[in-house]
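Just below sit the structures, each encoded as structure tokens.
Heads up, the next two complexes both have subunit A, just with different partners, subunit B and then subunit C.
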Partner chain A sequence: MKNFEYAQPTTESEAVALLTEPKKETAILAGGTDLVGLMKRMVVTADRVVNICEIKSLQQIERDDSGSVWIGAAVCLDEFLDDKNTDEFPSAKQVIQGISSIQLQSQGTLVGELMRRPNCWYFREGHGLLADSGRMVNEGDNRYHAILGNRGPARFVNASRLAPSLITLGAQVRIIGPGKDEEQILDLASLYRTPAADSELENVLQPGQLVTHVIIPAHGDRLSAAYEVRHGEGPDQPLAAAAVSMDVVSGKVQNASIVLGQVAPEPWIASAAARSLCGKVVNEETAAIAGIEALAGAMPLSQNEYKIQLAQVAVKRAVLKAAGYDTGGLDSPMLNEPSASPSLETHIA
Partner chain B sequence: MSQQSSQGVSRRGFLKGSGAAVAASTVVSSTEAEAAAPGLQVVSGETSITMKVNGKSMTAKVEPRTTLLDVLRYQFDLTGAKPVSLDGSSGASTVLVGGKAVMASTTLALAVARKEVTTCESLGGDVVPAAFVEHDAQQCGFCTPGFVVAVRAFLNRHPDATEEQIRAGLNGNICRCGTYANILQAVISLVKGN
Partner chain C sequence: MAEVTYSWPENHKARLIGKRISRLDGMEKSTGTAKYTYDINLPKQLIVRALGCPHAHCRVISVDASAAERVAGVVLVHMIKAPGPGDDPVEIRADGTLLVAVAAETEAAAAEGVSKLKVKYELLESFVDDHDLQAAEAKKRTKKAGGGIELDEALGEPGDDDDEEEWEEQKVQELFAQSKYVVEGNYGIDTITHCCLEPHGSTLHWEGDRLKVNLSTQNVSRTDDGYADALKISADEVDVHCEYIGGGFGSKFKPDYWGITAAEIAKKTGRPIKFLLTRDQELKIGGNRPSGFIDVKLGADENGVVQVWDSHHWGTSGFNGSTVSVGNFPYVFRPKNWRRRATGIITDNEPSVAWRAPNHPQACAITQTAYDDLAAKMQADSLDIFLRNLENIDSPEKSLVYAEQLRIAADLIDWRKHWHLHGKGNRRGSVVEGLGIGIHKWGGTANSSNCLLKIHPDGGVESYCGTQDLGTGTRTICAMVLAETLGLPIDAVKVNIGSSTYPFSGASGGSTTVGAVSESHRRAAQEVLAQIFDLVAGKLEVPADKLEASNGSISVVGYSDKSMSWKQACSLIGIQPLEVTSIYKRGDDSPLSSSNVAGCQMARVAVDTDTGVVKIIKMVAVQDMGLVMNRKTAESQIYGALIMSIAAALFEQRINDPKTGAFINSELDNYRLPRLGDTGELVVHFHEPESERARGVIGLGEPPAISGGAAIANAVCNATGVRVPTLPLTPKRVLDALRTAKG
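Up next is the complex of A and B:
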């Protein structure tokens, strides 16, 4: 690791002041589960590391007057799991349970998970996000790379496992900096971008900016679920993933939202797939059609065509799971009928 | 591949010119109190910190880049936690900080200053290592200290865990000998014992 300066601010304004030091590359440290490994590999070579975990205002989960839940940037994944305020976001909890490493859950933060740098092995070996304008990925081993949104030079997939579910839940982020007292609220989906040049990151944060909170609006009776296709149990990134949230009124879907993970350089919003569900009864057939719609524009690379089917399955199972159907797996009995969950009875009476 | 690392685009390169306009309303808030001096302190070079390790107050000389694992192994001679993976993916460096399982290899020592650290060395009288012995839950033993601490943290959090919860909850540790079946039995015995 290159040596660096270290600071541990106790207020948000101190953090911004420390992050905006001229001519210094700064890095934000929370749990460190991603950053410290990247610094050891010299992929990140910051001059100054700012640990935000001692800032009181970032350590809480709170509900505001409108019912939205604010999760501070120092809140760990297990604290999110344990908090009663987050019970109405089952899809996010399912993803954290799937991360299934007690260390990552108790050391890693929710915001840190959203900001995790791509797992692309060319990036992690120091070849940059675009890895020679996409050439290394095209000509090399691209089995885990993007199948959507990959027509530009970026071929990595966004690393966050939580982002798809939080986007379907309508989450926003609060960002402070780089100016003193500067603050903005941004849709979580707008935090991410597909870089088109080596000078761009996979998110829109400027130097000196910091995500302080994730804000999830009250969800009421809206159904949500996430499904990850993994090659085994464990904390490895999934091969494909999808999250869905939807209202079901008189047995029919209204206002569905579907977002895919692990398929594109940013969380992939599948609007056509969500539209295909609207007005329909959720069953194997309508859920499968949503999966096919979601992947209609897929452009696989030389070694990852298999991901298309996995992503279709992820969408189908996320939709079925949200509607209370059993999709198998460790946490549920093998049934192919709607479960007798109270939420489903309310919605499909 | 590692020789090529230095040719990669640095994060500084990415950050330059990444100031894309953000499509969002900007509001000004002054909820935070004016910056207090201690929080603005910047540490560089070597500095002394203290932490409470296995109940004992200990002092270490660290640089900002020193990890908790470096301090435990090379200054405190607590070699139970193992350096296996750069990114903590093996779980072999698991210790408890404030009662929570963390990977000492991805934790900076400065972030643990004044906190309570528990390593496997303090679990000698605990039921977890005894159950590992009872169920022959190790072969080469290199992963065992990390596993023992992770199991302790897991049982503190889920004293009544089911077998499925145990299988899912201990995924952060890797055993290259493949003694998972016996580790599982050891943990199951402790749940039932509770």
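Up next is the complex of A and C:
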């Protein structure tokens, strides 16, 4: 980690001013659970670090007149979990529970999670997001890399675990800067992009811009769920993930939304998969078809074909889970039922 | 004074030994007041950061340090494994090799200095593939790593005209032809790193010509010679201290070259130096365990007893090109006829170092899987096959011990209830369950250890011993032994360890420490007590052999009114403290310690066949260890070992980039380890019949970290009916194996 200036603004406008000083590379600090590691590895070498957690307007979870819930950029994951206003977003809560690290939940912020830099080992070793226009990934070890959206030079997968569920919930973000009074509201899905050149990031933020809030519209009775295929429990990046939200009217799906995580450089909106569900009754077969549809355009790299199956399973299980069905996997309650293993003679002396 | 007969107290008389005693330093460690090497900061110290080579194989042509030297706060740039001006290029054979050190007033300045170093490299072709033996042979990256053959005497001898190898080959093939069951398999286990929570390193300074080192070490008493050799001073000019260490696992026995660098920079700058590896450097160069892959063919009779074993294994220990020692193949089991061969692969990686039970976990994981595949082929119960093959093991005297341990473990994991034939269990959704076994062995001989025990005339007790506490509770064991022997409460003794200025005690490696300190502390305490008994006997006018020490007093056996408090007794010493130094040499015949343990572990797992994810439901460890000293820390030792086994079986692996050779998952965000939720239910059972107790103390560090991998791999095979050949059993590997089996 190199030496840096530390700034702790108390208002949004102060923060923007601090982030926009010419010729200074700046970094935004909230929980620091990702940033500090990247700074220690000199992947991020900011001249100034701006801590936004003392800005009062960013510390709240509030519901506006339209029923939308605003989550400030200084709100930690466990505060989101504990807040009653967020009870109608079960898929997002499932993801945070799945992170299952008390340290990350109590230190990491929700917006910080959405902005987490890719976990690609070539990026984190300092080779840049594209790692020589994708060559290092193609020729190297790409077991965790993209199977979708990988036809350009970007091969990393978007690191956010929450983005898929929040996108299916119709979340937006409020962005301020770089101008003094500039402010915009953007669909969360539009925050992300797949970089095509080394000068581009995995999001559309310009220097001096800051995400201040995530805004999730009222969700009513709409069903939602997320399913992550994880190698182990907890904070490590899942291998594949999917989130779904849908209305079910008279037993049939309407207005489904399916977004995949850990499969592409940005959260992957699986429109065809969502359409395949519409008008159907959710069952093993329709859920499985949605999974197959979601991965129809997948192009695996040399070592990650297995992720296609994992992502298909994630979609299938997210759909079943949203509809209240057992997913049939390791977290299935069926596992806890008494075993009916065949009784066989044993040979214990 | 009568000659002291060393012994342990009888079970019913022991107050502390064999009981559950919390670590004496538990509170300090929990609250952060315990000072590890990483926590030690010296006045006016400089921080050192080093540039690790970013290439697996290259020549370092030149280093331009001018920009680094201009960084504010940088005091010195020091070449480690890099050429100075005019020097020849330096060949580097491992990613992460430390090239240049930068010493600075702050960590940030040192890191920035490192980032400004301009190094010219000439890239050389790297080779890191340890799985593919043919590829290694094609690249001339292999070395013979031993082998041998043993055939049953009944097969006769080659005749004078026979070519010996041809004759042996013919006999081996005949044995296979006679076998009722023949199993051919390929198994493997990847390289893992030691991944110490506290990275390697030191904080040190010179006092004149004397080097004082705070070192994160498993070898307090004997790293001084490493410094002395490298720095051309004598070992008596080096003091090494280590009160607490955050993990070593076999990788922290030496100063290491970065430790020497720290001393050199301290000399050059005249300042104290703090130099600990960064996380990625810790994984890249702090230590790793060699990989092992094997082609096996075994033949068994109609009862499933293996009659012939034929194997060729390979793997890498880095650029020195060794592999897992061939002597342990097949592991624990030893059929009457065996032939085995090993090939080392030279890869561009840091050489391996000892890792908890060197060679054993890999040998176990890649050979006892073949025995389980025999059970699968026979459609037999794996437990039965393991039991039947106990008739041919390398320590035949242990076969009944293993049989009993297997029986106990089977009860604890409810084998009878959960067993099904391989791949024939019930499926719930996409989930199948299975059971697996591994068995293991270890020596655990006590290391050499000396202890200076001082009894003050006011009753104070303090001991000095140059051992170290790896976190396993050594300090507590020392105190328990002294307090037990002297009849005092545990907090009445002050134990001093962790300094090379104290009497010598051996390195903590190979499960040797509890035995070592138990020997030295018990001996010293018994010697001291005999002298105090003589004094008390004179005062009370009773024979010394009628005295006993308990509850803080010395009393006559059977006459509790005839006694003297410990303090009163010590006042008889005179004005000088009573000092005794005990000496125990490794290998000395002793009633207090011995060696050779057996153990078995069983795993029950669930496998999601749609995702390839393996979940541990339960693991059982049954272990003997002679006399159990501290029941609580012994149990912890085994819990930790089980978790390490789960890590290596399901998660851990060094991943080298196939093109560049770089160790690409050298940070903890990609070097996967199990989390609490991944460990399942862990059950520990001490196998301690009276016969075990009578054997005295035997080390416990390594053995429980051996057979868990085999047990888990076998359980996954039992669940799915498909062998996933190579550990760790990642979801990708499980799915690949399932897909291959489907065809």
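Note that in this section the second predicted complex is superposed on the first by the 329 of 349 C-alpha atoms of A that agree within 3 Å, B and C clash if a C-alpha of one lies under 4 Å from a C-alpha of the other, contacts with A are read in each partner's own complex, and residues count from 1 in each chain.
The rule we apply is simple: a residue touches a chain if its C-beta (ideal position, glycine included) is under 8 Å from a C-beta of that chain, and two chains touch if they have at least 3 such contacts.
Values in this document were obtained by computation on a predicted structure and should not be read as measured data.
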item: First (subunit B), second (subunit C), both or neither touched by A:Asp141; value: second
item: Which superposed partner A:Asn3 touches (first subunit B, second subunit C, both, neither); value: both
item: Of subunit B and subunit C, the chain that contacts the larger number of subunit A residues; value: B
item: First (subunit B), second (subunit C), both or neither touched by A:Ser100; value: both
item: Which superposed partner A:Arg41 touches (first subunit B, second subunit C, both, neither); value: both
item: Subunit B versus subunit C as contact partner of A:Pro217, first or second or both or neither; value: neither
item: Which of subunit B and subunit C A:Glu233 touches, first, second, both or neither; value: both
item: Partner chain(s) touched by A:Glu125 [first = subunit B, second = subunit C, both, neither]; value: both
item: Partner chain(s) touched by A:Glu183 [first = subunit B, second = subunit C, both, neither]; value: first
item: Common interface residues of subunit A - those touching subunit B in one complex and subunit C in the other; value: 1-4, 37, 40-42, 45, 100-101, 125, 233-235, 330
item: Touching residues (chain side subunit B, partner subunit A) in the complex; value: 1-2, 4-20, 22-36, 38-44, 63-65, 67, 86-89, 91, 94, 100-103, 105-108, 110-111, 150, 153-154, 157, 164, 167-173
item: Parts of subunit A lying in touch with subunit C, wherever the complex brings them together; value: 1-4, 37, 40-42, 45, 100-101, 119, 121-122, 124-125, 136, 139-141, 143-144, 229-237, 239, 303, 306, 309-310, 313, 326-330, 332, 334-335, 337, 339-349
item: Subunit A-facing residues of subunit C, complex; value: 106-109, 111-112, 115, 278, 280, 381, 383-384, 387, 403, 406-407, 410, 415-421, 424-426, 428-431, 433, 606, 608, 610-613, 615, 650-651, 655-660, 662, 664-665, 667, 669-670, 672-678, 730-732, 735-736
item: Subunit B-facing residues of subunit A, complex; value: 1-14, 17-18, 25, 27, 29, 31-34, 36-37, 39-46, 48-49, 51, 53-54, 57, 76, 78, 97, 100-104, 106-107, 125-130, 175, 181-186, 190, 193, 195, 198-201, 204-207, 233-235, 330-331
